[in-house]
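Two complexes, one shared chain (chain A), two partners (chain B, chain C).
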Partner chain A sequence: MSQTLSLSQTTLDAVDRFRARKVSVEVEARPLSAELPTPTSFNPAARKAYYFYLMAPAIALLAFISLYPFFWLIVMAFQKGDMGAVEWVGFKNFTDLASDGRFLSGWVLLFKYSAMCLFLQVGIGVLLAVIVNGSRYEKFLVTALLMPMMMAPAVAGLLWLFLYNGTFGWYHWIFQSLGILETGSILSSAKTSMYALVLVDVWQWTPLITLIALAGLKRVPRDQMEANMVDGASPARNFFAIVMPNLYPVLLIAVLLRFMDNFRFIDHILVLTGGGPANSTKILPIYLFEVAFKFFDLGRGAAIALVLLVVTIILGKILVGVFDRPTSGGR
Partner chain B sequence: MASRDVVHYDTPLQRVLRVLAVIFVVLYLIWTLLPFVIMFVSSFKDLLAAFKLPEVGDWMGIGVFFDFTPTYKHYATLFQENNFGRYIMNSLIAAGGSAVISVIFGSLAAYSLSRVDFRGKSDLFFWIISTRMAPVVAVMVPLFAIFRSLDLVGTLPGLILAYTTFNLPFAIWILKGFFDNVPYGIEEAQMVDGATRFQAFTSILPLVAPGIGAFIVLCVLFAWNDFLFAAIIGSGGAKTLPVATRELVQPQNIQWGAIMAAGVVTTAPMMLLGLVIRKYLVTGLTMGAVKE
Partner chain C sequence: MATVTIRNVWKYYNQTPAVKDLNLTCPDGSFVSILGPSGCGKSSTMRMLAGLEHISAGDILFDDVRINDLAPKDRDVAMVFENYALYPHKTVFENIANPLRLRKASEATIKDRVNGAAKLLEISHLLDRRPSELSGGQKQRVAIGRAIVREPKLFLFDEPIAHLDAKLRAHMRGEIKHLQKTLGTTMIYVTHDQLEALSMADYIAVMHDGELQQWGTPSEIFNHPVNAWVAGFVGEPAMNFVTAEIRGGGDGVTLKHANFEIPLLASQVGKLNGAAQAGTARMGVRPDALTISMTRPDGPAITGVIFVNELLGGDMLVEVQLQDVRMRVKTSTDFAGKPGETCWLTVNREKWHVFDAGDGHAYF
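Now for the complex of A and B:
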């Protein structure tokens, strides 16, 4: 009797150990993971240690290239000077930042740049997705839209440097012919240089928003739209009442991802303006690049990098929260 | 889908909107593809021809753009004078090496993470994903200091390791989703037939092979297109294509023809790869958050 009882206990444990973490199948969930079927196995599971051995090499490698540098970063942020001849300076690197105009304006410019990029990308991207969705030429259009994303951002920067050139750039000519721009390249004036960068980012990454929105649009339940239409709703009403609520979660992900990418990718800015003219495009990551790898002030650079990392981690936390969010009712 | 068959008559407003939509899409396509056309065509132009522009406002003069005799000299310059063959190899080794390392280590880790549950798993996961999302410049500050003390700066192994910082977490994160989709029952059946646990694991690999293949390609794409790591950590000995292209810009002499040719050389293979893995692209670029 006790034998069978203990046996069933172990099998229960085994089943429990294989209960997969609940993974939502919503659009906003990591979609590759459909919910696992309830395990029916009564074979004992492998010891956890077995799985840890499999995991160990990757975790160790990742620890070496991400955790170890992270601790170094913290150490460096409290030091001054180069490796070899370092000097502990306490919080000086951080307190210096508070009075560093470039650091503060770097944040302002970063947010300004991101706001402009995101506004245009989401607006154009969603509009494009709505038009392209279900069109006869959808396949061709999507393929054409993919092109800019495949280009190395640095190469895209160089290409646009050519297009923006004040004497032989075709886009410069187009701007002038349209009467938008007077003389002088768009990059050479502190007033317009930021717009030049935004245009490049919009050119390269609006398609991503379109593709994401398109994936969201495919999931809009058709029956709901039909029911709504039968009830006499206009197409516009239909769009805002049925399509938008379904689109909203994917768009949130898209916006967060693009926002974080603005922190991550500065290649095209480095190539196009390098932060100039007159610091008008010196967004924070560019400033960090300059401090750390032009002036080799690694201590100060580490302090900026730490602040930047903390902000990204907070944003990442929000993003992962959105990934894992359960269904928002109604379906 | 029955509603597709319902006959639908446009109101005049809808007809106008339809026309506007077509105009918008056409304009957008031109805006998206024009830079590629200009890059491609300019790479075959003599510099004088490439610099020719119509008068401002002279929209009819656009024909000037096609008024040239093709020349291959920019491509010849790239490979004969600028050593681009070597940079292509560097790019291939660095991108391929890090992709292979990431996918091998990543699939082991992803498999075990998908099969086991333990306390702190979500924290481990968040650490993995945040490694992928961290700003490259910020990561590079300490990495540069460490690599310098290990003499890894300017070497291909250093660059491979640097690329692994973003490719490995990416591989773990995405591949876990693939393994989650494979029922444990398959492994069990294998083990009943006498396979060891590890053999059972290798037996389910073919099921996730298409995904793994696509994500090797995506890892290559990310690494190939990277500029920052290559410029700082690869500087000197391990120059990759984007960096080499950037170096054609010299204060006194910007070799535009060669730059455009280098742009074509750098971009064309990635475009082909992008088309090949088209199906996985959105999933990959959104870290698996959105699936088509």
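Now for the complex of A and C:
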């Protein structure tokens, strides 16, 4: 026989030893009727203690730059007068608000403004995201969409001030040509001024919703959409059954961001209308700005700010509750 | 129920072809298995049948109606996906009920059908869970459930039981086959497990590298492979291949190798065409077409040295070293040979094959 055939003696010995080894398998069967043992240990929760140490420096810094002023805000809300002579007035600043017509109408206008903005931004934003997603020009479109967002809100306000201008404004001209606007300029009519502000906000911030929704669309599992299609779903049905449940969590973040921004970003409003005409755009944050920094009634301003803050927190909680339905993966 | 015709179908992903000029006709009510190794284009074919993938060239017909441009929902097929594709936010019940709901079945029908399917698949106790709380095999059964609650024109099963344990797999093989025969629905069943294909299918399409290698009944595929690739892919343990020289002599034609010289049967000589008479060829013998003995038998035999013995439950598999290759022989467990000892293999020449050394096509 040729050389390849001769197996070394050690290999053969190893094989023999392997074959000759004594294998004893002793399995004691548990009778089927026997009681199941109770578990003595459960899956451990993730260890999170070290999170605290990692976060501690950031928390300390935050406390210094944000908690300290916040503390002063609370103190001021119970005082009257400016920096010089202060006087403790208890809850008077708060009780006074109940009879303050501007304060109450500020709320109404704020909700109107925010609701319109959110509705349009989410609607248009998701629609744009669906259009952009998978398009051949996706990269270019995303870049183009980003541009309004990159602009400082006050600058955006100035830009639109020109566009709305009653003598040379482009939009003024369009709306008048279309017959939507009869007389006067867009911003100086109490009927149109609010919509003009909404349009600016929608123009500037819809892209943010689009971007976030686009990220959401990217993680919609394709196989589920395909399975649903084979199961007999139309494209529209597929969108609401598979895409939307996957989009809810990211939309929550977008809506939360935008709604809180609506409650505090007033740059473009200050530039465009300053709350006018005839208080038709005096949403609460504008009123707050006036009370605190035009009339220097710091106590009352602080009280308004605190109420605004509490309402924002409550609304935020409700929003999270509404959106936090079981979605992918979880129960 | 439908006859499915695949005519000159190509699938390109960008520039790479995944399916090349595929032609198949699956008769109405038949169980067709597409068998092939990973990446040979099985899933691509299925996805084109379901309408999830654009057909690069060629036509697919259901009952002589061209369906190339039909949306998936209008094709009336039910598919089991390779990766389950369950809906994570729905319970198992709702997952299975989905095709019925989308087709507006009544609540009573839905309950009835879903419970029936769950019972068949032994997942009745899981109906309230969500997919994230299931094991791989359980998910797979839910995916099968979703396909069988309806009575579609065509079933497309893409490796539906690959993740089950051996016992459950054997059970499911029977259930799926029985279900298909009871419903009489045409079934296209993708698998890379040749045992599954051989045991379940009426017809097998063997694919390799996007090309159809052979179409035939399980016994045709197993007993008369058209080329060496099919012969090597089908059968477990795999067929032995030995490259040998074809010698034409006075008393017939023989296969000559350092370890043997075996004459062809008279009926087989004619099947070798003239070109192969003097060249080399590849001999193919399945392990169970060989008989091993420790003494020199009468007649032509292969001489070798036992390399190792493997016990396979009821059988013993012996690996025998020849000069350049090893051959595997199936024998009974009382075989007494030891590694290192010389042995002789007798070939059952009714069951051996000779393939062309070049393109590998089978002479017989």
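We take it that the second predicted complex is superposed on the first by the 251 of 331 C-alpha atoms of A that agree within 3 Å, B and C clash if a C-alpha of one lies under 4 Å from a C-alpha of the other, contacts with A are read in each partner's own complex, and residues count from 1 in each chain.
The definition used in the following text is that contacts are C-beta pairs under 8 Å (C-beta built on N, C-alpha and C of every residue); 3 or more make two chains touch, one makes a residue touch a chain.
As the structure is a prediction and not an experimental result, all values here were calculated from the model.
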**Message:** Once chain A of both complexes is superposed, is A:116 in touch with chain B (first), chain C (second), both, or neither?
**Reply:** neither
**Request:** For A:242, select first, second, both or neither according to whether it touches chain B, chain C, the two together, or no partner.
**Result:** second
**Request:** Using the touch definition from the top, say if A:250 reaches chain B (first), chain C (second), both or neither.
**Result:** first
**Prompt:** So, A:153: does it touch chain B (first), chain C (second), both, or neither?
**Reply:** first
**Prompt:** So, does A:226 touch the first partner chain B, the second partner chain C, both, or neither?
**Reply:** both
**Message:** One more residue to check, A:318. First (chain B), second (chain C), both or neither?
**Reply:** neither
**Message:** Applying the document's definition of touch, where does A:234 land relative to chain B and chain C: first, second, both, or neither?
**Reply:** second
**Request:** In the overlay, work out which of chain B or chain C sits against more residues of chain A.
**Result:** B
**Prompt:** Which partner does A:301 contact after superposing on A: first (chain B), second (chain C), both, neither?
**Reply:** first
**Fill in**
Going through chain A, the residues touched by chain B and also by chain C turn out to be 226
**chain C-touching residues of chain A, taken from the complex the two chains share** = 1-2, 4-7, 12, 15-16, 221, 223-224, 226-234, 237, 241-242, 245, 326-331
**Asked** In the complex formed with chain A, which residues of chain B make contact?
**Response** 1, 3, 14, 21, 24-25, 28-29, 31-36, 38-39, 42, 50-54, 56-59, 65, 101, 105-106, 108-109, 111-118, 121, 124-131, 133-146, 148-149, 161-162, 164-165, 168-169, 172, 174, 176-178, 180-181, 183-185, 188, 191, 197, 201, 211, 221, 224-228, 232, 241-243, 245-246, 249, 256, 259-260, 262-263, 266-267, 270-271, 273-275, 278, 281-283, 285-292
**Request:** Give every residue of chain A touching chain B within the complex, in rising order.
**Result:** 17-21, 23, 27-28, 30-34, 36-37, 39-41, 43, 46, 48, 50-52, 54-55, 57-59, 61-62, 65-70, 72-73, 76, 83, 124, 127-128, 131-132, 141, 143-155, 158-163, 167-168, 170, 173, 176-177, 203, 207-208, 211-212, 214-216, 218, 222, 226, 235, 250, 253-254, 257, 260, 263-267, 270-271, 285, 288-289, 292-293, 298, 301-302, 304-306, 308-309, 312-313, 315-317, 319-320, 322-323
**Item:** Interfacial residue positions of chain C with respect to chain A in the complex
**Value:** 50-52, 71-73, 77-79, 81, 83, 85-89, 98-99, 102-103, 130, 132, 146, 258, 304-305, 307-308, 321, 323-324, 338-340, 342
